[in-house]
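The two complexes that follow have chain A in common; it is paired with chain B in the first and with chain C in the second.
Moving on to the complex of A and B:
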């Protein structure tokens, strides 16, 4: 090869090269070159690279390569004779100098670089070369940039032969004193040199680095930490708590050190390695300690542990289970103490207190991460749905609905809008943990209906607000009936204003027109009920008005839900009483006669005996009427001495008093509703899937109903059987666990 | 009871709050096509009420508007009432009531 070169080169080249060599020898040692010398060499390089008369670019390239080789070899000999203690220091000095020098040279040889690049561009195989270079397979024919050429040379002639010694030196330094590594910058330089000598490759894979320096480093650290952890954990003079603190510090130091002085990829691998050795190897023992800490309520310490385990796979799962158990137990203790209380608010307040406390722990100590949140949510669910969470026979759903009513009904002590909102938000927070959301809805909608019909709601805005909260929690279909109830009230209000204009000032009638599907009111009414004569025209008037507003619709009066305000002028002090239409109708009779009998009323108003008895009883009970037993039966008279400390009052109706049987009714009808809901879900699923195995079907049904209630598996099975009877489904003949949908 | 004068009311109504459901006026309870009540909605709607009204034909048969529209669109129906096979046309006077 030398001979071939000899024949090619001419005197011009020799002369120019000897000048250039002088310059680059100074530059690579960073010795300083005066401007003239630099400029001369620069133009020499330029001249040699010019294609006319003869291009010496290739020769120049080869000579340069040789120059680097010689230079690097010299450094290597120097390092070879260097004692281990000084090796790192020496290496880093040499590398920094070389690296800087090469950068200068790269600009000195920019003419050569651009020529090489141009040549590459016209090479038809360029795409191929790029691909090859990606895999590091490119042969000698390629022309590297001057700086890359130098770095490659450094890797091959220096790093590879010295690798073992260098690695050993780094590991020795790192372990020498973990806290106080003296040669940090040197280590950094070394790692950087390993990386830079490979980084110029198009997709620098750092193949050599990862398989040599990095691997040895990790191996050394692994052994080191394994030994240290073993010693610490078996040391009887320190507690597990101390160990945790120590591990926490170790990881932090390693992370900081790695971030500053090592390659990013190495830092991650190193931390993972340390986690494995310090934590994963002792996972069971550490988890035992976690349980201990939970029971001791030492959340401070637990928090350290929790953060440590966050990045460890499977690390948190066990701990969060225990956390959940602890939460549940604590909460159940609180609820258990309320056993004798008959006050709904006690349960609400205490649950909120538990919730706040857990939320505090979760955010403060566990930075609200998903595992700890889950533990909290599951335990709160358990608490609120436990049989112990029952006040005076009412379960959580009913308690909540009643409390909502207490807040939203006129006469609640809460005045400010903001406080109403806050209290409702609290209730919704509890509600989100409750299983029987359908039960809540049942009670809630009934209370809402009462508030709306009797105009006892504090404001439409608050009602709307609450519905929005429920909607955010359970979705549109959950609240849509509630929404429509409110809408009916708004429409009725408009209607009332229009009717008032038409009917004039003296109008006493106010009608609520409701959509039958949305209200939790039975359409039950005594169809035969004959209104008191003077009242009939009033309703007729409204009916006509309504027909003029909405065509094709008729009205069905629900007198048993209607109320009247009646003034009783016969008393010494005039009173106004709010009564149901039935009650008021009976009172109106006394305008014409002094006493009435049950039969009179039944005949006159065409009411069934049951209704009349109940209405009379309520009037007697409130002392407005007096009974007098006569031969022919009981007669009823007005109590002329009636007095009440309120000017306006309501007659308690006996109808809604029996809460226990009422609750049974609700639960019964809810069970019926759930069956229908489940059947619908089954049909929906089967219609979409055509065929489904038993287990798949069950789990999908559970999934669909979860937002409303936790379905009982045996009930689902019953529903499936029922649907098979109705021939919606059949069992597949070949596989007994498979159901098919019958279209 | 001292007061026997019928004109002088002892008990007087000041206010009357009445509650009512509205219904579609129809001689039948349920739609002749889908067999759901008019107070419920047709199978394609999710909510009953104004959005799913009732329609009456000149033959005095009642359907959900959506049900009968779907039937009329079907070519096989030949635009006849599904119950009596007379040519289907809507009763128009319902619009007169609005005015």
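Moving on to the complex of A and C:
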């Protein structure tokens, strides 16, 4: 019974199989198959796979496998006898045909595929298969999809035996003529076939390819390029420049070729290999050449080299180091020539010229990449902060602050707002390279205060504009006080209008209310100073008004910064003099008397002798007063013959101007400020971190202070010590490099 | 040099109560006990009694402490130089917080901890104390103590003129006098530094422990206080001028 069933079974199978074989033999050769034949075979496959009455699926599978084996072996024999020159071409044709045919067959055998899948012998769900394969559970029992079975067969029966010949053929082809590879597409097909035959694998699809074809290919290319590079570099008839050009071309070709015809991974590896052989192996010589090119200012050539080195580790940084040295030297030469110049603008103009030039080079030749930019920035920093960048005793920060003042103060020759903006932008560009940003701020805020108090600023908009620029460069906290100064002026204006309404037309007082702490002003008014009686009600009026507006605020008059206009009606031609409060106070005395003495003034106004002497001297110097030596001491009288070509004028004050000591004061107080800033930074950091090692702390402090100044390590250390003495910090007993914060 | 620099300390010690010193150097222990016992308030155990009298021997007449004069007499009776290391070690044991002064509590607790009740026992105990301090960890404690001990009340830093003799003194007790000590002290006297912070004092111990005599392994980027950086430069300069 079983025997009968078996024979009957095999009869059915054989009959159907012979039909199927005919169809698939045509399909695999891509010969036309008419629809009926195709449909019949499809049904046959379906019937054989049906579980009833008997399933022939396994047998079909085995037969099919044998069929593929035979077919592939036939192709292999064909290729075996093929000459090397034609091998690639032949292989490519055969592969394409086979690959396409297999795809058709896969759909023809879809019934078998789905049956195999149903049987659980193979699970199309990748995750499951992955897991199974990881656990080694995907044993021999598993059945592949028809297409995979075919591809596997191709790999085992054709690629593996022919691997050496195929590889050799590719290498030969690629090296034969690098520029014009004839069988580009064929190589591409070959590479594709190596990868696609493994595509059904869950993992390691590239394994066979990388360890066979790719590896050999790279090895061959490595040797080839090594030899060629050695030959070229030692060739005395060509220069290093030629070599660079050649290397550039090689890389470009390889990159293009690799991108189009090789696997993406191979392209990267190939390019890296070529870079190593052509560039890294000769890094030192090429860097020497770079130095040579830099000194020759041959940026065109250098640019080629620079781009070449883009992906080479240590390559660009080496070149950019040299570039930086060159930039610095060139710039320093320019600045050095200015040594005798006492004109700030010379320094500004020349630095801007250097900056523009370097920026051009960087963007044009090095496409402004980070290395070249860094080289430029570092060298510009070095130049602007060098001791040579000193004009008439003023360093960069001071020069810049003074120039800003020159632009923003009334009387500057620049009229158009656009030009003001442009000039300020230039100054801020330089400013961004300056180390001592706090020094700049010191000078700048003093100048700003003078402009605002004396109303000598060209416009509030320009002031605001400049502050915004500084803010963009250094952050909010840097410009905080400047901003508040400007704000005070605006508020004061509103206040003045309100006061004017209240006090009426006769009001002649113009008050600026300045927040203490924001303005760089020392309280220099003698505390005992008694205002002349005529003026007292005026100020009282304002004080009352102000207190009615804001309760709980104290006002302090800064008399030494105040001015008033005094009409000198006793002269032939009436003059108006803009005098400081002290000067005016003295002049007012002459309303009642003809002569005054130093002692009178001291007594009347409760002023220290020093102030009175200085004020009298300024009045005498400007010839408004005359001194007369008497027995009892010097007396001062009005100069009745005074004349001045201006109707309104200011008394030249001798109490100001002493730039050298002024500068020393600024630098001294800056050092103090820096120490305080550093201590604050240390405490902030330690408070947040609780414990920090020495080096971490130092580097964080440097980071935090960078936007203001370049702190000196030993000063930071001193500040740490100071804080330890003040018991903010303590050194850990177990680790001497660790500090702890003491709450 | 050590002798010279310690001199001011000596004169400081012998300031008050010269007359008393002459009278009281003769009696040693038992004689004055009874006469003075009446003045001490509560009667204590016999050991406590003898400690009390031991204390009273050196007590200042005006306060309930042993002051400079008393300390000097105490040293004389112990037959040690007041500038000797052992006196520092005693102060350490007594946990004294000021130079030339022991409070009642310090003296009595200190003595009872050392288990000595009179000058003879004390003298006998000194070698033990000496050997105790030659233990490394004890010496380190004593070294740290020395800074606090040398401070004037309310101060946080030690003036150089005080620090130098203290350094001299404390290392008399070290097994090996650090080779860098003399260079260090010379440097301090030539430098513009005026005060030594606690951190610098403590770090000096670590410095001589870890840094080689030729400073070859000194690293300026380490967490050394700046004074050590200056010292390093000073030494390097000296080396360079020598070779040049």
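Couple of notes before you dig in:
One rule holds in what follows: the second predicted complex is superposed on the first by the 609 of 743 C-alpha atoms of A that agree within 3 Å, B and C clash if a C-alpha of one lies under 4 Å from a C-alpha of the other, contacts with A are read in each partner's own complex, and residues count from 1 in each chain.
By our rule, a residue touches a chain if its C-beta (ideal position, glycine included) is under 8 Å from a C-beta of that chain, and two chains touch if they have at least 3 such contacts.
Treat the numbers as computed from the prediction; the structure is a model and nothing was measured.
When the two complexes are overlaid, the chain among chain B and chain C that reaches more residues of chain A is B. In the superposed pair of complexes, A:592 makes contact with chain B only, with no contact to chain C. Contacts of A:512 after superposition: chain B is touched, whereas chain C is not reached. Within the superposed three-chain model, A:702 lies out of touch with both chain B and chain C [touch as defined at top]. In the superposition on chain A, A:503 contacts neither chain B nor chain C. Of the two partner chains placed by superposition, A:473 touches none, neither chain B nor chain C.
Look at A:566: by the touch rule set out above, it reaches chain B but stays clear of chain C.
Comparing which residues of chain A touch chain B with which touch chain C, the overlap is empty. Contact residues on chain A toward chain C in their complex (touch as defined above): 693-695, 713-714, 717-718, 721, 724-725, 731, 736-737, 739. Residues of chain A that touch chain B in their complex: 453-455, 477, 480, 484, 508-519, 521, 523, 535, 538-539, 542, 546-548, 550-559, 561-570, 576, 581, 584, 587-588, 590-592, 594, 638, 640.
Across the interface of their complex, chain A is touched by residues 1, 3, 6, 9-25, 39-40, 46-49, 53-54, 56, 94-95, 97-98 of chain B. Considering their complex, residues 156-157, 197-200, 202-203, 206, 221-223, 225-226, 229 of chain C touch chain A.
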